[in-house]
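Below: a set of structures, written as structure tokens.
In what comes next, subunit A is part of two complexes: it sits with subunit B in the first one and with subunit C in the second one.
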Partner chain A sequence: MSSFEDADTEETVTSLRVTIYHPGQMQNGIFQSIRFYNPEKLPSSEVVKFGRNSTICRYTFQDKQVSRVQFSLQLFKKFDSSVLSFEIKNMSRKTSLLVDSTELGYLNKVELPYRCMVRFGEYQLLVEKEDGESLEFFETLFVMSPRPLLQEHDWPAGKPTPEFCRSSLWCTQSTSLSASPREMDENEY
Partner chain B sequence: MSSFEDADTEETVTSLRVTIYHPGQMQNGIFQSIRFYNPEKLPSSEVVKFGRNSTICRYTFQDKQVSRVQFSLQLFKKFDSSVLSFEIKNMSRKTSLLVDSTELGYLNKVELPYRCMVRFGEYQLLVEKEDGESLEFFETLFVMSPRPLLQEHDWPAGKPTPEFCRSSLWCTQSTSLSASPREMDENEY
Partner chain C sequence: MERPLTVLRMSLYHPTQGSAVFATVPQRLQHDTSPLLVGRGLDAHLQLHLPRLSRQHLSLEPYREKGSALLAFSLKALSRRGCVWVNGLVLRFLEQVPLSTINRVAFAGIQMVVHVEGGTSLEAFVCCFHVSPSPLIYRPQAEETDEWEDIPKEPPAPGSE
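Let's look at the complex of A and B:
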């Protein structure tokens, strides 16, 4: 019997926008199980896993070079803060995870800045956070980028903070983009 | 066909010994689903949950005052370290979690020191870590203490680091132990 007038005041939710790119995304159906442009509301207690195994991971990549669980994201609350923060942990024994210029080995973790570039293998993920009021839920939104998110000279250097494109269209007007992405050593996977 | 001589060299595992006490443990069967004195080997990628809900939690407390998930423990690796560390996160919206003298609200988290007292409601858990070599697995061991782990004058003060008993028998020779534990406000749960 709840009506519009009696309903609880709606809270804003912390949101995470993930713009993703892989050089083989058009040919290989790597992202076929990810619903792009579809905001998804998740409980803030969830440890969100990304990887190849669909029984463990919420977001899967159809790619044998991806680990069963590649990395995880989870929320926490800092002692001095009223908003939620995200932490990313590398769950892959074989592949490093780069968060901007920080290299994470297996089980290393860092807090996600408000805007950062997450990379592993040939995957590029631009992760952007927006604060919300709710402590119960957060929201994810995936966007596929038609072009690389990093300019060629920034990739695969890794160490300096990458100069990724700042256009709202994510590089659609971009300049010197890599046509031939770096060969990865199979053993890195 | 693996023989003793060909088997991989056995690695030591990080272990977590949890000595637990609740004033109603003998009457109420609160800990009936926990197998005491039974070392359990778990993958280091697991987020170990403690609470009332047995479908979500690995270790459950049969007590309506406990949250569905009360807290979680997980392993991570510091950048400058070769050993695994533990982090504890309060997953209860209603009850604070005390780690020694640090009070954790919902989704607050801290790294576990090598030896600490974890408390919520009337539960007392002495948590002791021992380092191991393996990055793949860790081990838990639960011990039930017949008596409180904190001396009465340290409980429920909370703020100073508690002077818990240092005997290997965990307070079996203890002195002024509380016969009537503090009444908790129902609303705190």
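Let's look at the complex of A and C:
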């Protein structure tokens, strides 16, 4: 019997395709440690961190304006659901993370839609999920976009929508926020 | 001024009292904002010595609800073979639920009650452990939580037995 016939049945894996754009990507080498167009299989229990610190983060951005850990992604299942979902959590103390029009503060987390735009600072990440069967692994694939994604995909570049407007002052302040949070923290403590 | 840390008061019980299950459990454990791993493995932050336990059996993850200044926690089952009973729900591999203020948890024969006392620090949280000499959760087959067929369908009312 050949090894082909003897092999375990292959399972499809849940995959995340991340298309990235940053206006300085051609000059600054900020994505030099990311292997584009190279599918990577990761254990399903891994909390995948993105940021500047290469000892902590699986995917690093060579940019001093990026936090040591900017955000994290992890797989999970809702109770009694067979579908694997991804959750994204903002790990930056000072910089907001935008998931479509939802603004996440430090340690806020949200389930990723099947297709969404994730933004912080001048970074734009179009994240697209594809379901798979495997509970053991998931796959990531990074693609660099030569053009800004917001224009390319006609994404609403609107202002973040606050979920909790407890006072008119807060609402006034939040609606004056830029769609691209400019402030970048260092998490140096 | 330093902000007070969120405290997780965790009572633990296993029927084999005097055994080595909780031998390495500290009285107090301070942890950063990464998920706290509970299991048998050396990389577990709370290491419990029980052969039935997975190396990483579950995690307690701090996060913040939108609009809240306090830490909240979610519990995620990380065992492929076992499961985790949380407040009446049986979680299988990768299933996750948010915790409330008082939580009853059972896995691999271990009973655990987690009481969350909110603090305003977002830098870290602290776990305070207490090993109980008597059971914490009264329900049939509380020790069988890692066997699919022995999972209770309905959560009994606390103290109803």
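One rule holds in what follows: the second predicted complex is superposed on the first by the 149 of 189 C-alpha atoms of A that agree within 3 Å, B and C clash if a C-alpha of one lies under 4 Å from a C-alpha of the other, contacts with A are read in each partner's own complex, and residues count from 1 in each chain.
As a convention for this text, contacts are C-beta pairs under 8 Å (C-beta built on N, C-alpha and C of every residue); 3 or more make two chains touch, one makes a residue touch a chain.
Note that this is a predicted model, so its numbers are computed, not measured.
After superposition on subunit A, the partners subunit B and subunit C collide with one another. By the document's definition of touching, neither partner reaches A:Leu141: not subunit B, not subunit C. By the touch criterion defined above, A:Val47 lies against subunit B and subunit C together after alignment on the C-alpha atoms of chain A.
Judged by the number of subunit A residues each one touches, C leads among subunit B and subunit C. Contacts of A:Tyr106 after superposition: both subunit B and subunit C are touched. In the superposed model, A:Leu84 makes contact with both subunit B and subunit C. Shared interface residues of subunit A (contacting subunit B in one complex, subunit C in the other): 44-45, 47, 75-79, 84, 89, 91, 93, 105-109, 135.
Remark: subunit C residues 33-35, 56, 62-67, 71, 76, 78, 80, 89, 91-97, 122-123 touch subunit A in the complex.
Residues of subunit B that touch subunit A in their complex: 44-45, 47, 69, 75-79, 84, 89, 91, 93, 105-109, 135.
Partner subunit C is touched in their complex by these residues of subunit A: 44-45, 47, 75-81, 84, 89, 91, 93, 104-109, 135, 163-164, 166, 189.
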